[in-house]
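Below, chain A partners chain B and then partners chain C, in two separate complexes.
On to the complex of A and B.
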């Protein structure tokens, strides 16, 4: 050892050799680490781009009925009363009756009547569609394909995510389907979740942080339990919801005790309660962190002035912890907004055209619609699934930005 | 005044603090509420599982060792579902462990403060995307890519590989953020000492920082596995429906979670073998994930290197 290290030339040569090798290895691995981060970023971009790709693009539209056979003049030029007679003469009596029931034909606007004529009398349908990037790069391919298969079809650009999509209800025809029912369902769902989980979660956090500190054994058990619950897969919560809220408490969750008839337990209330259980551990942990961050000097000062423990918590600890608690709550709610599996188990309806009327309605939610449309074979349903994903992602991102802005503002104020 | 005992007495009488007691009672209830949830999960899963195993022709050994799951002919062997869960999770971890760890090391040891500020929110967005969106991505993007690579005939439209790979992307941010926290917690003095001895950044990272943070990294990986096993929507959309006992990841096979989602998708009638079976499978799933989570937490607590 000493002899070889004592030899200066040996040391110089060896270390130089080694150093080069080591540095080569180091830069190789540095590139590798950089690459793996890059892959994560690229994956996110591809994910978003592939969704945008499906949500817009060229479509071929073809009329099922011959326009000229239905009316000599173009339908756009017909008057309101002419449109009504056109509808009444071409649709089945039953269909006219249901339309009349929704809103009398004579009272409908011209635009409304025109859309009924287009959709139900002439029945113009999307017969082929092309994703966005292909539409931009090789529109010719689509034109050839359409010219061969559907010579009468006209090609135009369609944004599947459009105002109509947001305001219409579910339909079996992709271009007429919308997610209004699902958006309302999702909002009602997170409202119930919020009303149940927020008070319970914040109370539990207060108990664990402010009261239970002395009762170490109980608080340790609860803490471990919350940690475990946070790791339980969401589908298990769905099973729990099915067994408890849908089945055991069905008289309550179906609204039977309140005189609401004709429901089983598969209501939006059951789903909301299930979701509350799911987000509770997240909410408690977040609230605990916010409460823990309140400096102890505040509590001591309050006690020193003779305040009781609850007065201290209510007037000093909670106001200071509130921004943190709210941020944590928003994050928990975003989780509830995107969860799908528990809703499937609890029994969200996949095909429903009526808006939810209250907490005892059967319901659907945005993620359920995405799932339902994704699993259908036609390409057009994939496109509206992509449009629904954009709506969902937009909602989640705006929730999260609210949380971040809130956090930053409260930090500035301090 | 203060020495007058009567005054003191009246003050205390005025403040009988029943409301504080009431509040405390409610808070205690809220604290204990989470325990009810756990009890309810175990009770319901256990009760219905017992009913399931009480049905004629079904017993625990057949359930755990049978290789066919065909309720129609009374065959309830969970292995096809379990195998498919293991295969999809395996591919998920194959993607997420190296990439997640690489990203964590890059962010913690290599990236400048500025880069971190840009990259961390991106990973957080990736973590916040609902799993059904990943399912959509697996079916409409990953599967066509795989079919282009391996050939249309070799890859089924619904296949475990596609679901597994996308699951990896989903779990990546979990592993990277937890590992990064662990790496970040290693004190700077250790790094400085190693740099002072002439170590390269890589040597510092792999020989000093990573061993010191190993418990946190392993905990992250275990939690990732647990997440993969319990993941439902990606496999429900992309891995195929119908139990299939196969080792070929290019084929479709239903996982445990996928089965539960499919069976309860319709209007499931109570007290049928189908209804009870989702509880038995759910119980198995619950136990697997619970054990993984508990080991993960134990490791991160017990073997955490404590500095000062």
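On to the complex of A and C.
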């Protein structure tokens, strides 16, 4: 083709540019990047779906004691005093004593008494469970299975993640187990971690950015070490915590010096201190970046007015770095919330029904419960482990969303 | 440059050399600034104008490799002597920067903050008003003192920075190319303001803008680079003399636009 001027058009002139090959390469890489993203998204979705799959589904419930043998009328219709007599006549004397000790039976609410009857007298138990997707797609299979093995059982849909699960303490019976103790333990752990690591981390970051001369050999060594510490496996921090906080400082971490008796060093305080060490490098580097991002012109403006270094830091550097520091803090909290290995080493209890009462309590945390339940053979424990994972993931997601909102707001202000 | 009268200068340098590490950026500066006048420092890029300006209130302290020899005398006192606290120096010798850099706070706070940290005892409201009036900004912002300073235009921000500097009651105001980020109208406003302020303050301004130096300053110091790349002052005198009848060939070349 030639143009009206008799010369070849620009399209013909470009024949030696190897255009086809170059464009092919470009589209190959575009496809590769798209594929990578897709794989990541699919993997995450499968992970989440498989957890949800475990946390909900059909269950078969069977009573250990025949209801009609215990009471003529359905238990739901019994009066308060009738329920008390029912409990007293069917449970062992010791059990009744323990229950009375917790709260006298006659003073308990009807709902409370009914649940004791259901759980301890009639002992209705989940005898078989089915994951969510199978429950939806092939409920017939489960019905057949249950009909063969447990003819008396009734089938119903159960969400393992329910309000009861959040408010109850540990139990040997999966459907009665809850994670209140673990949630409280995790919160207290985060609180200690925060109270220790935040001031330390921010102070260190201020020192490194504002006071230490950045070019000296010493500060470069410190900087490199902090960066490397962020990558040290968490179990190493656990061993460190065991050696230092649990063993060496046991009189302090057990509360002995404060007059608290009967503990060893395996307290929530030891765990919190260990966790603080773990998140400190993350906190320091994030705070450093936030402080570095404060425009130098602000510092100069402040100094130019006759401000001291501290006035400059307190009134200008810190307020402007705060959103970034907080974002880093929340990321550090997320890390501490999900860590398991150091807690196992430091000595989190795997079975504990008492809520933590203070920093010298023995404790458990959500990831410890998840770890514990997944090692049990019964399928029902896997279901409550999945429910606990959902709780943990929800907490992590909320923390991270707060971090993102904070960051966006600070960017808007700049 | 020989002046043997007992006149007091606003600021005076004696054989000032400034180094960045091993590199000598400025050498042998002997400069005497007239009080309550506008002195401009001009010269090609890299000749050390801003370095000299920052030396006047020890702003070079924040550049880790920077150090100096010689003297900078303010009220007869060398400000680089160990017993001098740089904080006092910077309160007495204020600075306005090249890019407007108001604090990300309200207009009111921008003015009041400097006074507050310097233990100001009087009424902050009065101080804010008088500082803004002196900076010719009051009429424009009096109804929005609680608005963010960042909502102002570039020229207004720069006048706010001047008002902020005035609020700590300095004696000298250093201006480092204060109009280079502004449009011509905002530039003229700043120049008018400088003229007004020079009744009470000594103003030293570094500028790239030859016309600005010519029309807005009383005295002009011309700096250039020597063969060893160190900046040095080659001419200093009344602006009218430097611009119309320069003694030095290099000054003439620069002013007439032949280089720089």
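The criterion applied here is as follows: the second predicted complex is superposed on the first by the 379 of 414 C-alpha atoms of A that agree within 3 Å, B and C clash if a C-alpha of one lies under 4 Å from a C-alpha of the other, contacts with A are read in each partner's own complex, and residues count from 1 in each chain.
Just so we're on the same page, contacts are C-beta pairs under 8 Å (C-beta built on N, C-alpha and C of every residue); 3 or more make two chains touch, one makes a residue touch a chain.
A quick note: this is a predicted structure, and the numbers were derived from the prediction, not measured.
Asker: If we overlay the two complexes on their shared chain A, which of chain B and chain C does A:308 touch? Say first, second, both or neither.
Answerer: both
Asker: In the superposed arrangement, which partner chain does A:43 touch: chain B (first), chain C (second), both, or neither?
Answerer: First partner only, chain B.
Asker: Return first, second, both or neither, reflecting whether A:26 touches chain B, chain C, both chains, or no partner chain.
Answerer: So A:26 only meets chain B here.
Asker: I'd like to know which partner A:297 touches here: chain B for first, chain C for second, both or neither.
Answerer: Once the two structures are laid over each other on A, A:297 reaches chain C alone.
Asker: Just to be sure I read the superposition right, which of the two partners does A:243 touch: chain B = first, chain C = second, or both, or neither?
Answerer: first
Asker: Quick one: classify A:320 as touching chain B (first), chain C (second), both or neither.
Answerer: So A:320 only meets chain C here.
Asker: Where does A:211 make contact in the superposed view: on chain B (first), on chain C (second), on both, or on neither?
Answerer: First partner only.
Asker: Contact-wise, after the overlay, does A:374 reach chain B, chain C, both or neither (first, second, both, neither)?
Answerer: A:374: touches chain B, not chain C.
Asker: May I ask you to name which of chain B and chain C touches more residues of chain A?
Answerer: B
Asker: Give me the intersection of chain A's contacts with chain B and its contacts with chain C, in residue numbers.
Answerer: 308
Asker: With touch defined as at the start, can you tell me which chain A residues reach chain B in the complex?
Answerer: Residues 22-23, 25-26, 29-30, 32-37, 39-41, 43-44, 46-47, 50-51, 54, 199-201, 203-204, 206-208, 211-212, 218-219, 221-222, 225-229, 231-236, 238-240, 242-244, 247, 277, 280-281, 284, 308-310, 334, 337-341, 344-345, 347, 350, 367, 370-371, 374-375, 382, 385-386, 389, 392-393, 396-397, 400.
Asker: Which bits of chain B are touching chain A when the two form their complex?
Answerer: 17, 19-20, 23-24, 26-35, 37-38, 40-41, 44-45, 48, 98-103, 105-107, 109-111, 119, 122-123, 125-126, 128-137, 139-141, 169, 172-173, 176, 200-203, 206, 223, 226-227, 229-233, 236-237, 257, 260-261, 264-265, 267, 270, 278-279, 282, 285-286, 289-290, 292-294, 297
Asker: Residue numbers of chain C touching chain A in their complex, please.
Answerer: Residues of chain C touching chain A: 57, 59, 62, 64, 87-88, 90-92, 94-95, 97, 99, 101-104, 113-114, 117-118, 161, 164-165, 168.
Asker: Flag every residue of chain A that touches chain C in the complex, lowest number first.
Answerer: 213-215, 295, 297-308, 311, 315-316, 320, 413-414
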